[in-house]
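Report on the following structure.
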Amino acid sequence: MALLEIKDVTGHYGDLQALFGISLTLEKGAVHSVIGANGAGKSTLLNIIAGRMKPTSGSVRFHGEDLSHVSGHKRVQRGISLVPEGRRIFPSLTVEENVKVGAYSKRSGYWNVDTVRELYPLVADRWARLGFHCSGGELQMLAIARALMANPDLLLIDEASLGLAPVVVAQVYASLGQITAQGTSVLLVEQDVSQALRASTTASVLLEGRSVLSGKSDELQREDIKNAYFGIGVQ
Amino acid sequence: MSTLIKRSSKVSNFAIPIFGLTLLALFLVPSTLDMSYQVKFVDLFVLIIIATMWNLLAGFGGLVSVGQQAFIGIGAYALVAFTNLRGLEVIPGLILAALFTGLLAIPLSFLVFRLKGGYFAIGTWVIAEIIKLIVVQFQSLGGGAGISVAVFADTERESRIRFVYLAALVVAIVILVSTFLLMRSRLGLALTAIRDDATAAGTLGVNVTAAQRAVFVLVAMGFGAAGALIALTNLRVQPDDIFSVNYSAIMIFIVVVGGLGTIEGPILGAILFFFLQDQLRDYGSIYLIILGAFAIISVLVAPRGLWGLITRDKVSLFPTRYVVSKKREG
Amino acid sequence: MVWTNALLQGLLTGGLYALLASGLSLVFGVMRIVNLAHGDFSILAAFLVLTVAGQSNLWLGTIAILPVMALLGYSLQRSLLNKSISMGVLSPLLITFAFSIIIQNVLLKVFSSDTRSIQTDSLGSSSIKITDSIYIGLLPLLTFAIGVLLTLAIHFYLMRTRGGRAMRATSDDPTAAELVGINNRHIYGLATGIGLFAAGIAGILFGMRTQFSPSLGPIALIFAFEAVIIGGLGSLWGTLLGGIVLGVAQSIGAQINPAYGVLTGHIVFILILLIRPQGLLPKQRGK
C-alpha cells in the first residue's frame, strides 16, 4: 500500500480553478518533487494534502485512510507535517520555543530537541534568539526542524529555496538525506529544477494546474522538463 | 460594444423619485398627523442620524467606537449653554452646538487615536465617562441633577413640537445628503480604500490618519446635532441619560443589523429598531434581553445586515458605488 | 500617616484591578478581542456565589462557581465568539456588548437593582496592625496576594508549559499554529475560559468587601481597561503594575476629596495616553 495516494484532485479559489484532476502516488521512503512555474498549482496541491484547503473533488488517502473528514490540525497527528511557503515561524517565540511547540502533537520517534539541534547546528546556535530576529536561511531550517518535531511519516516542503542564497539552499537540501534515512518520506514543491531533481527519487511537472510530465528523477530528460515547465508543445 | 463605468444603476435611478415623494410626504406630516406621531418621527430621525454617523465612522472610517455618546452629550449641553446661558435662538443654537462638538472632537482625536482596534472602542467610552464627570462639576449646567431647556418657554406646545419635528427632519436630510456627497468625494474614496486595507491605502499616498481624523470630527458634528435635537425634544438634559452607553448599544445594533457600510442599511435598521422598541417597550428588562439575543443571532447569521441579506449586496439605492455597465457605442 | 494609609489601601485595591484586568489582557493578547462584558461576568460570579452561599456554604460556593465561570467562558467562545472572529473587529465587539446587556438585565430581573454583598464572617472585617495608625485589612491583603499569584500563574503557564506555548503560538499566527497540530478554536476557548475564571475571582473578592449591584459591570470594565493601558499592552506584569498605579491614584485622589477618587484615576489614564501611550511596561518582544 502506498503511503500517499492522490486521485483526480481538483481545487478552486472561488470561481478560479487551480488544479485539474491531479493524481499522484508516493511510496514510503521516497522523495518526490513537484516542479512548476509560479501559479502552476504546486502550493495548492500541498495545502490540500495538509488539510489547509478542501479539494473540490477527488480523494487524498494516507496510510490507506481517506482524509476528507480529517481537518488540518488533526492530520499532524496522523503523520503529515507541512513546512509552508514563507516558513511561518512564530515571531514572538524563541528558536527553542518554536522547536518545542513543534512537538505539540506528542508523536514519538527519532526527532527530538537533541537530534534536531544536531541536524541543524545553525538552529542550535540561535537557540535563545527570537523568531523575529532570524535570517532567511535560519528560518527555513527552523521551519523544517519544527515540522520534524512531530515525527511525521510524510513531510511536505513548500518552496524551500525561495529567497535563499545558493549556499544555504544546498545546506537545506543536504539535510533531506538524513531526514529520509530516519524513515520520513518527503514531498517537495520547487521552482529550482536542478536542486529538486538532485534531491528526489521521482518528480512531476505541473503546468497550469495539470500534471504534464512525471517519472524517475534521474530518467527525466532536461529537454522534456523544460518544455513541460514552460508549456512548449504541450497540449 | 464597450463597457462604461457609471456611478448610478437602474435601481438608483428609479429610487430617486421615490425618495422625493417620501420626503414630500414627511414634510406634510405636521399638517396631517397628530402631535404624538410627530414626536415619534423625531425619535426615528434621531435614530437615523446617529446610526448613519456611527456607520460612517465604523463602516467607512474603520473606527469602531463605543463612546460616541460623548458627542451626543456635548451637543446637548452645548445647545443648553448657547440658548439658556447665551440667549441664542434655537436654530443658531443648534448649528453652533454641532460646530462646537466638532471643534472639541479635534483635540480628543489626538488623544483617542493612540489606541487601536478593540481598545480604541473602549477608550472612547472612557472618554465619554470622563467628559460626563467633568460636565457635572459645572453648577451652571445643572451639575449631577441636570438642566432644563428654557428656550421654548414662551412657545405653545403644538408649535414647539412642529418646529422641532421640522428641524429634526431637515437635520436628518442634511446628514444623509452630506454622507452621500462625502462618499462620492475624494475623501470618500480614501475612506473606502482605508476600510478595505489601511496599510495598502497608506502606500498609495492616502493620508490615513488625516482622513480618519476628518471623519471623526465630521461625525462628531452629526452626533452633536443629534444631542441638541434630543435636548430640544425632552426639554431636559440629564448627565446619566445623555452620556449613557445605551446610545452606543443602539447605534451598533441598528448599523450591524441594518447593514454596515451602506447608506441604506442604517435607515432600514433604524426603522426596524424603532418598531421593536415601540412594541417591546412595556416589557422592561426583557425587551433589552431580547434585543441583545437578536443582535447576536443577527451578527452570526446575517453579517452583512438586513440590507445585505435582502439585496445580496447587489443593490444600491444611493448611487455611491461604481457600476460596470455594458453599453453599445453610438 | 494618612497618606501612607491611602497609598497602602490604593496598592491593595490595585491588586483587585490587576486581577480583573489580567483576564481582559489575556483574551485580547491571544485573540485581539476586547470582551465588553468582562466586568459583567465578574459581577455575575459575585451574584452566583451569593446565591449558592445563601443555600449552603460560602467557600463551597466559591469553589463550585469558579469552574462554572471557566466553562462558561470556554463554551461561549467556542459556540459564538469563534465564529465572529473571522468576521472582523466589529462582530466580536457587538456580541460581547450584547452579552453585557443580557447579563445586566437578567441579573436586574432576578436580583433587582438593590445593592448587596457576600457575607464573610470575620474575614471581611479583620485587619492586621502594622503600626499604631496603619492597619491593613485582611481581605484586601488576600486579594492583592491572589492578584500577584494569578499573574505569576498565568505567566508560568504561558512561558513554561506546552499549553501556554501553544497559546502564544496561536496568538502570533493562528494558521501557522495548525501546522504543528494546534486546534486554535480550542486554544481560544481556553483563553476565554481562563479570562472568565480570573474575572470570577475578582468579582467574588470584590463582592466580599463591597456592596455590588447588577449595573456595576461597565465601571469594572473601565477600571480593568485603564489598568491594562496604564501598565502596557501585551505585558502581564504591566497589567499588575497598571492596576496598582490606578488603585493608588484613585486612593490618593479620594484622600484629597472623596468625590475625586475615580476622576483622578481617569486623569492618570489620560496622562499615560498622552505622554507614554505604550504604557509603563510595554511588551518587548517583536511581532
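A, B and C label the chains in the order they appear, each numbered from 1.
Convention: contacts are C-beta pairs under 8 Å (C-beta built on N, C-alpha and C of every residue); 3 or more make two chains touch, one makes a residue touch a chain.
Owing to the predicted nature of the structure, the values given are computational and were not obtained by experimental measurement.
Counting only chains that touch, the fewest steps needed to get from subunit A to subunit B is 2. Note on interfaces A-C and B-C: more C-beta pairs are in contact across B-C. The greatest centre-to-centre gap from subunit C, using C-alpha centroids, is found for A. Measuring from the averaged C-alpha position of subunit A to that of subunit B gives a distance of 52 Å. Centroids of subunit A and subunit C (each the mean of its C-alpha atoms) stand 44 Å apart. Each chain gets one centre point, the mean of its Cα atoms, and the points for subunit B and subunit C are 33 Å apart. By the touch rule above, subunit A contacts subunit C in their complex via residues 50, 52, 72-74, 76-77, 81-82, 84, 88-93, 97, 100-105, 130, 132-133, 146-147, 149-150.
Partner subunit C is touched in their complex by these residues of subunit B: 58, 64, 66, 111, 114-115, 117-119, 121-123, 125-126, 129-130, 133, 245, 248-249, 252-253, 256, 260, 285-286, 288-289, 291-293, 295-296, 299-300, 303.
Across the complex, subunit C meets subunit B through its residues 28, 32-34, 36, 80, 83-84, 87, 89-95, 97-99, 101-102, 105-106, 108-109, 218, 221-222, 225-226, 228-229, 233, 262-263, 266, 269-270, 273-274, 277.
Every residue of subunit C that touches subunit A in the complex is listed here, in rising order: 162, 165-166, 168-169, 171-173, 175-184, 285-287.
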